[in-house]
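Labels for the chains are A, B, C and D, by order of writing; each one numbers its residues from 1.
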Amino acid sequence: MNASLGIGLIGTGYMGKCHALAWNGVKAVFGDGAKPRLVHLAEVNADIARTKADEFGFAKSTGDWRQLIADPEVDVVSVTTPNAFHAEMAIAALEAGKHVWCEKPMAVALADAERMAAVARASGKVAVLGYNYIQNPLIRHIGALLEQGAIGTVNHVRFEMDEDFMADPEALFYWKSEASSGYGALDDFGVHPLSLIHSLFGPVSRVFAHLSKPYADRPTKEGKRRAVETFDIASILFEIGAGISGVMALDRSAWGRKGRIAVQIFGSRGTIVYDQERMNEVQLYTVGDRPTEQGFRTILTAPHHAPYDRFIPAPGHGLGFNDLKIIECHEMLNAIAGKPARVIGFDEGLVIERTVHAMAQSHHEGRWVSL
Amino acid sequence: MNASLGIGLIGTGYMGKCHALAWNGVKAVFGDGAKPRLVHLAEVNADIARTKADEFGFAKSTGDWRQLIADPEVDVVSVTTPNAFHAEMAIAALEAGKHVWCEKPMAVALADAERMAAVARASGKVAVLGYNYIQNPLIRHIGALLEQGAIGTVNHVRFEMDEDFMADPEALFYWKSEASSGYGALDDFGVHPLSLIHSLFGPVSRVFAHLSKPYADRPTKEGKRRAVETFDIASILFEIGAGISGVMALDRSAWGRKGRIAVQIFGSRGTIVYDQERMNEVQLYTVGDRPTEQGFRTILTAPHHAPYDRFIPAPGHGLGFNDLKIIECHEMLNAIAGKPARVIGFDEGLVIERTVHAMAQSHHEGRWVSL
Amino acid sequence: MNASLGIGLIGTGYMGKCHALAWNGVKAVFGDGAKPRLVHLAEVNADIARTKADEFGFAKSTGDWRQLIADPEVDVVSVTTPNAFHAEMAIAALEAGKHVWCEKPMAVALADAERMAAVARASGKVAVLGYNYIQNPLIRHIGALLEQGAIGTVNHVRFEMDEDFMADPEALFYWKSEASSGYGALDDFGVHPLSLIHSLFGPVSRVFAHLSKPYADRPTKEGKRRAVETFDIASILFEIGAGISGVMALDRSAWGRKGRIAVQIFGSRGTIVYDQERMNEVQLYTVGDRPTEQGFRTILTAPHHAPYDRFIPAPGHGLGFNDLKIIECHEMLNAIAGKPARVIGFDEGLVIERTVHAMAQSHHEGRWVSL
Amino acid sequence: MNASLGIGLIGTGYMGKCHALAWNGVKAVFGDGAKPRLVHLAEVNADIARTKADEFGFAKSTGDWRQLIADPEVDVVSVTTPNAFHAEMAIAALEAGKHVWCEKPMAVALADAERMAAVARASGKVAVLGYNYIQNPLIRHIGALLEQGAIGTVNHVRFEMDEDFMADPEALFYWKSEASSGYGALDDFGVHPLSLIHSLFGPVSRVFAHLSKPYADRPTKEGKRRAVETFDIASILFEIGAGISGVMALDRSAWGRKGRIAVQIFGSRGTIVYDQERMNEVQLYTVGDRPTEQGFRTILTAPHHAPYDRFIPAPGHGLGFNDLKIIECHEMLNAIAGKPARVIGFDEGLVIERTVHAMAQSHHEGRWVSL
């Protein structure tokens, strides 16, 4: 991590800004390595590109992302555009010899994800997906607890992911309701719990899914109604390996849920419970206490949960969502430096994509699908 | 409800005492009708029967439940024995012209439940099952909110029921791990969420279930290990009518969960969340507020939520589990008096049993089963 | 506890019914001793007395409470009338050779409370005050934890009691706003935290109080406004013994609080947190855990917390407010039977009353008052 | 905010890094103004200064803070050293014509704080204190709700601030137990709730305080014990203006509390509750709902609560502690640019300091002290 890396960022929306903040902050937070240079920012509208480059601190801007990829000063490319563009951009960047940090999911079509993984493998470059929730120090700590056998052998898990940005039945039809955007909650949300499952347990072995539509149609700008083509709700049974049964429920029309990723992990000696909406808390129940004092304990993130200590030396003061991206950025830098890194690379990402597509297949065929 | 009813109680365990407390307290709480007379108590051990009759306030006791049923002073029979005895006792009581209040589930075998329902229908007597969770004033209030359209049209529901009395892998093998006791969590727990579903929404239309065993075997008293025959975990997808998708997760080996029945109901205009472990609270989210003040509100049970007012005139002071049985007892008395009553009778109970058996069938066949 | 005691009940309101339910249920719940006989019920309106006697199961009724006290069949008298009547009734009952179970607080005037205690002492009868919150199995368990040193030496405590029945500024002026009813929140609420303090720690040694009025006046039925004479808010600093500093905040106009009694106990090795609105939960933090797993654990009431097991054999199912009165009733019976009993008798109650009056004095004089 | 400001930072500890992250991130988050240039970093150890300058991204470093203040490239000085140095550094910086952003509290001695305020006033420069908790978008929103009358007229407030870094009685004696560090919890913690009170309500009018020591002495490195000179616990009654009564409880030896700042605000039409340990949530209760649906609603921070939207466009994803400093930094820049700014300047800070000293005086004199 000695030589300063030149950073290119494609996209300036929600995740674009999140990447920019991470690249900008990672050195000051972690202190190691050379501070990345914010070299080039691409955004389809060249004017916006220029404005955002100024805001985010990038030296150059362009309305043509291929110019960014052609820039020899750029060593790493952040891809934060809509999913439909991931494959083309990531592949071009890898083929141009850049490392790639691409937002999730990999692509709408499985074939595109497969191509991305193949190109990444051939390139020898670091190719990482933006699964930031696994970077929460408490999620890492859950991993450590599981490894240490704190709750014994895990036999059952439940994952829920819910938000309400599609909850209003009278919200206008937009691209997320078009089939071209994917299946719906299944790929839009499902990949996040799957990233946690991969990070904590390993791959899913078989799935059974049911997709449903809360609203059959939505109003259009023209004052008509258009049939909804995607499924805002997905309910899934699954197994991890031979021994862990699982339930997953996804809903992007769940009124009142804003960023819920609820996790329940049951083992032979205890239980772990987590909810992303309270991302600085984890609940742990372990046997062995006196029966009169048994109970779930609420653990607040503390400096003992690395790398929280890089942000704040006092416990219980709280990380934010954007901090997770800074940690992810640091792991990306670790990977580039050849150090051990906690990331989900394109190969592992492809396993996640295949799991999502197997779920969709299961829904259509009404049967379990093995992976 | 004018003439005083003579009560017979079979069984003196967990639910036996719960019924006794209910029969003893219902008049003082509700004030209407004649106070039931605690006439006869049966328990296989005649000595225990005598002791418990004194404790609970029953005039007579017997070691032979058939004597109780033959007692002309007995008008209503509470059946609180293990599930395997429900059918024989309930049928005998109905055939002897008694009203029957039978603990859930109806029976292990579907054929027995069908016989019970048929006899009840033929008897003209009141035959009610002990689904006490539906009696919580807040569950009733959830029903009222749904009827009033407070959260619009419901499109998705989730139910979880978890306890940890089977969670210790080294607990001795006992009858709940034998196939003769039923499927496991599916019937032991599943009937409770199903009673709520029936009470709030109506019957389930199709199911897909997966049953699993957290522990393959358990130690025996003889120091050996015996294979577990029942499934302590059940994961189910289901639909209610044509439009509501559902997820149900049941686990009687879930460390740390003591009496959890977690309910999430998602509608087109809001969401309702409930957990039996905090049975005096319900969470309600509805749209229409200013965006800056949107959030789940925590509603504490209050006198406005009838019949809480019969217990306590001040809000937020809290009902207990046993109070639900007193409410159920009062509904049973309403039914006997020919008044409107919120109960789950044998016919509705049979629908619940059929749903459970369909779930088991689905597990074995790996496909959706319609009802 | 062998001979059956005859019970007389004066008052049929909130606490009257609560006592009736307790006398009616105590034998079935606890199983020991003889079932109390509900002999006589008094209520100023003879018609209501008759109706309530039928509802609650009392054999006789009267509109003249002196008849009840004169009744030789009555062994114990429950006094549940407004505070202004406590002294006269309790003293008459004690002088008639009855045991007395009197609702809190003892009296409005300190002199009355002193007379009550003196008469009780002279009578040799059991005289107990209705401080039911100390009967919660979890409050008892907090006491056990403190005795066992689970949180080390206590150095600081905080108590809050809040409800909102006086919160509406436009609610009509009624007797609770008249000076004749007492000081306001100080005596109406303060005695409850004080009962917990006495039960858990012992007497308060000095106090500093500030009383305040959220609303200067209230509307009257006649359409005018009348100045409020009592203080709906009380804020108090205090010390227990030489070493424990304390804060107490009382508010009966606290919108949204329904039955809050929030307790925080800080010790040299841990902390205990409790809130009556979630009366089946206690939070315990103790040092000694690994730093990565430190946190408050939420303990649900379980059979290990006696006498919860007398109500329900399964953990986490929840007691209700009325169950606390049944436990208190059983302790009263223990006291009458000469057994160890966890009650607050008139002498200890008098200490509580003196503490309240010292608080009022402190408010008026703007200085610490020692006890 | 057009010309880029040169930043000097004195101190590299907890708050030093927090300022560095804020100066580094503020432009990318807010997008407006010129990006501040990180010019000079001072730290008593010149080697550490050099290392930290590299980490944090400062161009120059020094072991002598006076060199930093003499640096003409520096326009703004962040003072994050121990409290004892604030006065000297802040005054020197102001006198050198720099803007000053000084961590709280102003100084140990009131006379120093008074000098700081006088110099700031004379300088015409911006002088701001690091009261970051007021910058939480939800605290701002509480302010907006109060202004809008959402909970009517406020009549009572409660503030608690608790951490446990001094909770271990066997932790070694260090400077925070020396009288030279101040009073203890009173100034160490009390200024934070006071900053919220000032921000939300205005100045405190009178106070009554009681300070206490949980542990009389502590072990020293030499194996002896030394008497503790500061008070780790402070309990305070106070009034705001003529109408609001308040309670404040501060404890830096409160096991299990990590960053608790609990706020309760009671008004004539509702109640607001907040806890810094869950800094992305606020509880709001307002009357006017149907009685059956009254309850506290839990509001998660959302883009509607500016400037959360500058960090994340999706609701409920969570800000962290460090983000508050970025907001504060932006307000500091606003102040320098002559725009409206939500900051606590030295004059308002002085009022806070005077309030703290009045509390200490009250403790010593056992009486109310007016301000």
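Just so we're on the same page, a residue touches a chain if its C-beta (ideal position, glycine included) is under 8 Å from a C-beta of that chain, and two chains touch if they have at least 3 such contacts.
Being a predicted model, the structure only gives us computed values, none of them experimental.
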| item | value |
| --- | --- |
| Higher-contact pair (C-beta pairs counted), A-D versus A-C | A-D |
| Matching chain pair for B-D (criterion: over half of the contact pairs shared, by residue number), options A-B, A-C or B-C | A-C |
| Furthest chain, CA centroid comparison against subunit B | D |
| Where subunit A and subunit D are represented by their mean Cα positions, the distance between them in whole Å | 34 |
| Inter-centroid spacing, subunit D versus subunit C (mean Cα positions, whole Å) | 41 |
| Inter-centroid spacing, subunit C versus subunit A (mean Cα positions, whole Å) | 53 |
| In subunit C, residues with contacts to at least two other chains | 257, 294-296, 300, 302 |
| Touch-based graph of the chains, sorted into line, ring, star, complete or other | complete |
| For the subunit C and subunit A complex, residues of the former touching the latter | 141, 144-145, 150, 284, 289, 291-300, 302, 304-305 |
| Touching residues (chain side subunit B, partner subunit C) in the complex | 13-14, 17-18, 20-21, 24-25, 27-29, 31, 35, 55-57, 163, 165, 257-260, 277-280, 300, 302, 311-323 |
| Of all residues in subunit C, those that touch subunit D in their complex | 151-152, 155-156, 158, 160, 167-169, 208, 210, 212, 214-215, 233, 235, 237, 245-247, 249, 251, 253-257, 266-271, 285-287, 294-296, 366-368 |
